[in-house]
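See the structures that follow.
One chain, subunit A, appears in both complexes that follow, with subunit B as partner in the first and subunit C in the second.
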Partner chain A sequence: MKSIIQARELSRRFGRTLAVNGLSLDVPKGSIFALLGPNGAGKTTTIKMLLNMVRPTSGRATVMGTDSTRIGPAEFSRIGYVSENQELPEWMSVRELLDFCRPMYPTWDQDLCRQLVHQFDLPLSKTIKSLSRGMRIKAALLSSLAYRPELVVLDEPFSGLDALVRDEFMRGLLELSDRTEWTVLVSSHDIDEVERLVDRVGVIDRGSLRVLESVSSLEGRFRHFQLTLAPDGELPTELPDSWLLKESVGRSVRFVESDYREGTGVQRVRSVVPAAENVTASPMSLKEIFMALARTYRSEGREQE
Partner chain B sequence: MNLTMHVARKDWRHTRLVLCIWYPVLVLALTLDQKIEMFLDERESLRGIPSPSAAELEYGVLALIGVLAVSLDLLLRAAIVSRLVHDDSTVGSTAFWLSRPVPAGTLLASKAMLLLPAMVLPQIVVHLAVTYQLAGIPSTAPEVFLAPVVSTAIFMMLAVLTPSLAGMAVLGGIMTGVILGGLLVLSWLGMPLVAADGIVRALTGELPWLTALAVCVTVICHQYLTRRTTRSLTVAFSGVLVFLLVLSREWFLGGA
Partner chain C sequence: MLPFTVELKIGTSVYEQLVYAVHRAIVSNQLSPGDRFPSIRTLSQELRINPNTAQKVVTRLADQGLLAVQPGIGTLVAKLPDPSPRERSDLLARQVEQLVVEARRLSLTRAELVRAVKDHWTRLSESSPPKGREQETSTEDHAE
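And then the complex of A and B:
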């Protein structure tokens, strides 16, 4: 599938801090891609480099076929960008904001705009500064969707939103996704926020991309294993690197297999741990996978320190 | 052009209230300034004759109100430029316009399109009107035209390099400090204050102000077109040094 975003060895240093470290990623056209990672992992810097808001220290990227350092007004008429950190003209009313944005976009769809105003229940006459955080994000999203962008970039859009607003927001995006040919790149530190939305995931940790694959592939290769050791059995000292978060209490052992293969997965565990009895493998939700990865990366980080 | 007008109209809507407050303050500040100047000229011509105490008192009151009006005028001018520029900030990466199809050149043109008729022109017109009203003849001195342009450009330069009005004040303070420090160094090196090649005389010429204008325009354009604030700050502070060199050129050349 053709990539709408391609990044190769992208790095950004702020003084002594390496915010993004040799990040390479591909976002296929038409996909809904989530860039996941804890706070400070480098998600926002990555997005800002892709959109030419921050210059990369090294590496390069292309967005919609244009070098990211050359992204300008022509590209921004086809990109919708919403960020929790983005400044909005607070003194304007929602209507004024939409009136201000409309002439900038030849593809502005007034019918879609009216429909989104209704769907998001936005008060047109209220000033942006008087809106709640959720409403403000909705206004920003509306002003970024009404021209039917080819690429929608959402940087932590759900941060601090209550569950109801988040749900409305997500439902709006999903409904539009059914009708619109677009690519969505959404960053979040909380998988819960985007689980329903995405079909491809990138997990970023301390500036490096650690995982980049489709949700179905990720769900296919992660299993939560539980086994009991035979009374005289012992756990080998050398265990596969793909076994994460190993825990043993008495004879009971638990771990996360990150390289599970349907059909041979359980046999492989038995071959590594001959004393294993009652081996069970259970599928993991995207949230559980993300949490397992986050905990693994955190303990790796502690070991490195 | 349409987008330039569109952004300028948006800026006008946001700044019109402050502009409407500023215009009467501008008239008051320039009128008082002119009156105080006339009073000082009169007193100069009556040197040796004791001044009547009522006139002295009037001067004192005028001077006090004049200082307040000029301070308020400066503050409002800084606030207007700040509102205009910081609405679409060129510093940082969070400004609204950065993710919208607005070319940096268009944005700069729209700011200039509003600043020239709404801020620079009123200063020239009011100055001409006040001097004509009080002195009978309109002043045609180059500084009448140059001062509003240069002062507005200085405010705009400070605004494009900072994220807020407070930032403008801090940077303005630092730059003033550097200029004053430079002047102190020059006087310590032996450059006279008021002689033909002195600091005060040099300041009344047009070249230092044209230099300041050139520096401001360079910094403003560089910052809008590249958004490289560190580089723009370097250009601005290098400009301050050039300004000091221009001020001291006659003294240097005379001594050479």
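And then the complex of A and C:
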């Protein structure tokens, strides 16, 4: 599969803090890719390095075939970028903003623009300054989608938005989906909003990428296990590393298997724990998988401190 | 708005759920042969799902013969294709067995299970029974 974004060993230091540490990732063309991680994990710095808004301390990246440090206006006319703290010309009205953006993009689609104005219910004559947070982000998205960018980069677009605006935002974004060449990179600290939308995820933890995988592969290899120990049975002291978040209360044992194989997964548990009875394996949603990973990384972080 | 009912639940694959929802809509006549089926974009927008997933669903349904993709016109609901002997024996051997096992596990009586099956059969085919299947319904009534 062709990659629209390739990052190799990207690092960025701010003073003593290593915000991003040797991060490599590929975003295949045509995918909707979510960069997930808690606040402060390095998502924004990564995105800014990819779009030449921050220089990497080391490593390199290419975006749409161009070295990220050479990205300029020509590339930006093919990229739609919306961030949490988007700066917009406060004094302009929404109409003026759109009139201002239009001539900068050869691919501007006025019909799509009108349709999104209607769909987002944007007041054209109001100034940006007077818009609510939800309206501002919709105006920012509109001005970044109307030229049908090949790559849409959204940095925490949903934070602080109410459910209705989030929903409108996603619907507007999907307006572009009848185009064949269309890739989205979206960062979020919460999987909730993007769960059904994404097909690939990268999970970032303290500046490093820990998971880079398709959603279907993740859903295939994660299972939530529950079992009961036979009355005189015991749990072995050595358990596989792939078993996360092990918990036991009395004879009940629970854990998350991160290396489940269809067909042999339950047998494998029985061979590790011969005293296991009533072994059940349940599939996990992307949200549950993400939570299990986040909890695992957090406890690892505590051990290191 | 989509012309059929679909409620996506968290935790199971959107793809499977959507394929099933369309099957259900077609057997229950919520979608009839010749009806226009929503575009990939409409499906993905209405359900807020990945367009690639919507594309996979349409491809699968077209492969199964439930949808006919007509270039330039769009996607239409096709006539229910005749089941292959394998599909029919699969349903009768595997899925019916699972249903019986589950019913016995829950200590349902045979009559209760038969009634539940009949109720669901009626509910799905109320508007108009799928053509060529009336015969079977009456045989089933007879058997009880």
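FYI, the second predicted complex is superposed on the first by the 301 of 305 C-alpha atoms of A that agree within 3 Å, B and C clash if a C-alpha of one lies under 4 Å from a C-alpha of the other, contacts with A are read in each partner's own complex, and residues count from 1 in each chain.
As a working rule, a contact is a pair of C-beta atoms (placed from the backbone, for glycine too) under 8 Å apart; a residue touches a chain by one contact, two chains touch by 3 or more.
All figures in this text were calculated on a predicted structure; none of them were measured in a lab.
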Answer with clash or fit: subunit B and subunit C placed together on subunit A by superposition.
-> fit
Which superposed partner A:S285 touches (first subunit B, second subunit C, both, neither) = second
Which angle, in steps of 10°, is spanned at subunit A by subunit B and subunit C when each chain is reduced to its C-alpha centre?
-> 140
Where does A:W91 make contact in the superposed view: on subunit B (first), on subunit C (second), on both, or on neither?
-> first
Who does A:F100 touch here: subunit B (first), subunit C (second), both, or neither?
-> first
Partner chain in contact with A:E219 - subunit B first, subunit C second, else both or neither | second
Thinking of the overlay built on chain A, is A:D199 touched by subunit B (first), by subunit C (second), by both, or by neither?
-> second
Between subunit B (first) and subunit C (second), which does A:M53 come into contact with in this model arrangement: first, second, both, or neither?
-> first
With chain A overlaid, the minimum CA to CA distance between subunit B and subunit C in angstrom is 26
The answer for subunit A against subunit C in the complex is residues 30-32, 167, 170-171, 174-175, 177-178, 195-199, 216, 219, 283-285, 287-288
Give every residue of subunit A touching subunit B within the complex, in rising order.
-> 48, 51, 53-54, 72-74, 76-77, 79, 81, 83, 85-89, 91, 96, 100-101, 103-105
Subunit A-touching residues of subunit B, taken from the complex the two chains share | 2-3, 6, 10, 13-14, 87, 89, 93-96, 98-103
Report the residues of subunit C in contact with subunit A in the complex, numbered from low to high.
-> 8, 10-14, 39-41, 44-45, 47-53
